[in-house]
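Chain IDs A, B and C follow the sequence of writing; residue 1 opens each chain.
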């Protein structure tokens, strides 16, 4: 009745050895390279620092919200399978925890490194949680078909590839992407598709006997959706400029999610044979609006535009689940378990397009002089007299590159293609490494089953003579 | 074994058409009328605006807490029925999402409309979530007996009726109601009772075979209660004056909830035949204190008074569940499914009375000059020399109406009756509209059953040969 | 099939009478002694107070996070038993609610009492929630073996003993304990062990037939773990100095939890016979790092040190669960149901040691002049010219005791022993009182069973002919 423990999937040595090695590496690197940033360093406090102006109070509320999304939101959402709830929730916990530690180092080297040290503050943790979200989205593509060892290795590889791409795009291409549409959602999606393409398992195209939900797992998964839904405005606005930019990001995200949710309920009923609601759509498609408003989330696109974006993103996402996911699995060998291509890929492409339109339509008439703050690469370069003039209106405005709207739009397009290419190639390479034999990959038969990796006591006993069960 | 899909309850066309119409209406109105408020408008930022003083940072933390209450708190709480958990949680999600979008417009026209536009900021979202809470409370009266189409129609009608009442009471009667006791709880309660009065189903008075809980659904519902409990101080204090007023609102709400919770545990045991705890009481009656402190939540009533209010509200609420709800159902044709009359009506009446007492007892000795800020209608009118004097002590004090305490108390009484009348009539009219035949109202037999509106796979298979179930 | 209701465990009179007495006592004391603190008192507001500088805005965000930990975090975590989920979650709710009310008074008399009144603000609530956490941790030692009456009596006794100890240690020994390692975790642990020592039940050493988990209860408990995990940085930093100190506390807690979580996954697999993950370890051992960084959480220990502390604390905690808990139960009559000695005791001792090392290693070179703010007892005493000099660099620095690092270290040692002694003795005395016959202590057979105290309907009916169950 119980499956025998296959040696090739036994974690006994593999997981502890891998964790030990990773911990030693991280500890050594933290010792050598990580110090406090100015806001966390006691030595730099003096009679000119005001404790209440510490960056902690600007960043921590958003960080706390994103924490809930990462650990409870993703955790519950990924626990939607009847026999794979432990794995969905707990592997998410493990993978997220590692990815953040690792991202602190990888992003640190690229973004927060000076004087020979990575300078650490809550802002780094916030950035690292975004890198972690990238890993967890990609995880969605291979849920149920991977061991925790494979997931750690995937995170180990994905985080640096992400950090390099992020750094290169931000430093050399220089884009507007406040909600992380391009760098988070598109990257995560195509990386995940690359991995799952290599990990293709033909037999799973016929469906797996354990690939089903239960009443409780569906409810749990909806709770995960609600955690994500509720805090998504914090996610999309966490890294924008403070003030009106962040304010708009909250508004647009909320409106986009709302219209997307309404649309999802309509579409799920239209396409169901019996005219009923399907829980999988409630769990996933409702969230499409949050991604779709991402690339233009801090711009003056108008509330109505964010509403329309929510409807469009949701529709694309829904149709993707309905038609594209099966097609990808059968024809292109891309088995996208949670349909991340619908929720993050298609919506990401729409969002990028919308962002480009918003860039092309931006005028000083609409934005006033703070246009050069939002579209910072359009600000006049150092030395330009217009810069000085603007700096009198917007104190602290940084010199930009003097790009026109059209130029910026082309750079956005370049960033989309660069990101997709880097992530897809990175994903495919990662997939090959995950296929190495000693990473405890489950057999086809053992997919979607907690029993392979969790100690689960058989507990038939007592059920019949105790009425409080159920 | 499965009930056949009755055409009259099939959502296939009804729900999508309704959603589509609503979305088009909303999108058109957003396009024509909704723009950013000053704090979200890039154009209004200049060298005199300090980004960190944006209203976002005052309103968003409270908004985020209320979000959790609306979507996770109400969502889980309403999922307390064994066969109706999907519906409780998911219809809450749909109804709330729509109600907020719609309230942004309706409240916008009445409260945030100038220069031909509704000006949108996070403060509007916060107000809209309160309107949404009104709809969700009313939903509690008809839970299990309504289709999602009916719920959307109810929200479509209730939101504008609420917005008009709110506007009229605030603009013409001018009351103190920081915690929303009168405008939120009493309105929601009597509207819901009006609706359920019209939707009366005699056969349900005998009890329904599916109107039962399960172990898991009871736990989920307690989680909902805890989400509401934990964030209720944010709910009651979100719209008070900043500073000491908001501080007191947090304290009173917390204390009122605490004493109410203790009392609920005592009462549930006293009235149980076997001297045991009843989960339904733990889920509902514990929360009574949060409503009961509402009308006087920002006043100097003393911590002890908020404690006493919690005890009184809880007792009334408990006795209401025990004696009044069955009476209403059998004698007055008012089937109040979740007992909203106990948790929001009785407590609301006690709270209103307490608020009136607090108004009558308020003196400058206790409050100092800021009495005229809290009781803003008692402030001297424009031109009164006392106003100038007070404005030197309390900068920014707005001119009032020069009311005496007794006058203000009478206006509060008027507001209570006006609100109850408007909501009850509105609810009854809404009930008649919900009875229209094409709104997919479930038959008596199909009440309290997810299966009517959700695609639920029969999943007997696998249970017997897999030990991880349960 | 149903056990008959034993009179000695019937709550019918016991619980309501106890609650009534407690409520009257609290209400009288609140009436006589509790008033608003300056930030919540309307009378003290004038043209020099800035509402946005009210202490509410500094304390409330942390308070809200701790609320979630107390009610949802502990609540779900303690619901890990299959037949004891209602009790775990609901007794936590009751006990926490009472403990906070009571702690407001007890801590109030010791810490917030002047002019004949306890002055109440959100900061008192925050402190009271820490006292409440103490009670809930101790509750973990006796989970499943105590009635709600016993739990209320335990809270009634533990809170004042804690308040006295806290006051004595802070006022006379004067220590550094930002994360509450000594005063919260060690106190709670040894108090709980004292209680369970007296409540020893030999028959439970053989295991109890109902002392098992279920798939759903394990998932729920992991959710509790995640709530605690996510908000633990707020817990550890809530009472530090504002600014860089609080910033470091957040960073260290996050890093310590992260490394502890990784380590827990490695250890659970190494020590499992089949090389699988054990849910009990995921639920508990992952959190060890949060306690372990506590005593030095605001110091300049370096990110790497907090990482190492997480690993060490987790390892000690894990080995404690594996070897020490069974030993304590069999040899020392200490049945520690949830293993609080591992998660709070062992980690607390490591943390205290680390704190002492950090104190000994602290230099002005590392901390700058703000060393005398963090290690406030090392600041020069009133009148010392160095004090004036420092106050120019750190405005508002308070005079200290002029202790050396070595002296402070010895005081820390003294505080550890004092706290352990006070709590153990207090716990033992409390245990004897809990053994009094009229407190509804469950029989051995009825342990770990909701059915003893909850109205649970037998609901076999309907399960077979409705497919949505499960």
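Some notes on this structure:
Here is the rule we go by: contacts are C-beta pairs under 8 Å (C-beta built on N, C-alpha and C of every residue); 3 or more make two chains touch, one makes a residue touch a chain.
Protein identities per chain, from UniProt: A, B, C = Ammonium transporter AmtB-like domain-containing protein.
Bear in mind that the values here come from a model prediction, so they are computed numbers and not experimental data.
Any chain that touches chain A and also touches chain C is listed here: B. Fitting chain B to chain C on CA positions gives a rotation angle of 120°, reported to the nearest 5. With centres set at the average Cα position, the gap from chain A to chain B is 33 Å.
The set of chain A residues touching two or more other chains comprises 61, 214-216, 456-457, 459, 468-470. Put simply, chain C touches chain B in their complex at residues 5, 10-13, 15-16, 19-20, 22-23, 26-27, 30-31, 34-36, 39-47, 49-52, 54-56, 60-61, 64, 67-68, 71-72, 75-76, 79, 85-86, 89-90, 93-94, 97-98, 100-101, 120-122, 125, 148, 214-216, 220, 453-457, 459, 462, 465-470. Chain A meets chain B in the complex at residues 1-2, 58, 61, 65, 82-83, 209-210, 212-216, 218-219, 222-223, 226-227, 229-231, 233-234, 241-248, 250-251, 254-255, 257-259, 261-263, 265-267, 269-270, 272, 274-279, 282, 286, 300, 302-304, 307-308, 311, 366-371, 374, 392-395, 450-451, 456-460, 463, 468-470.
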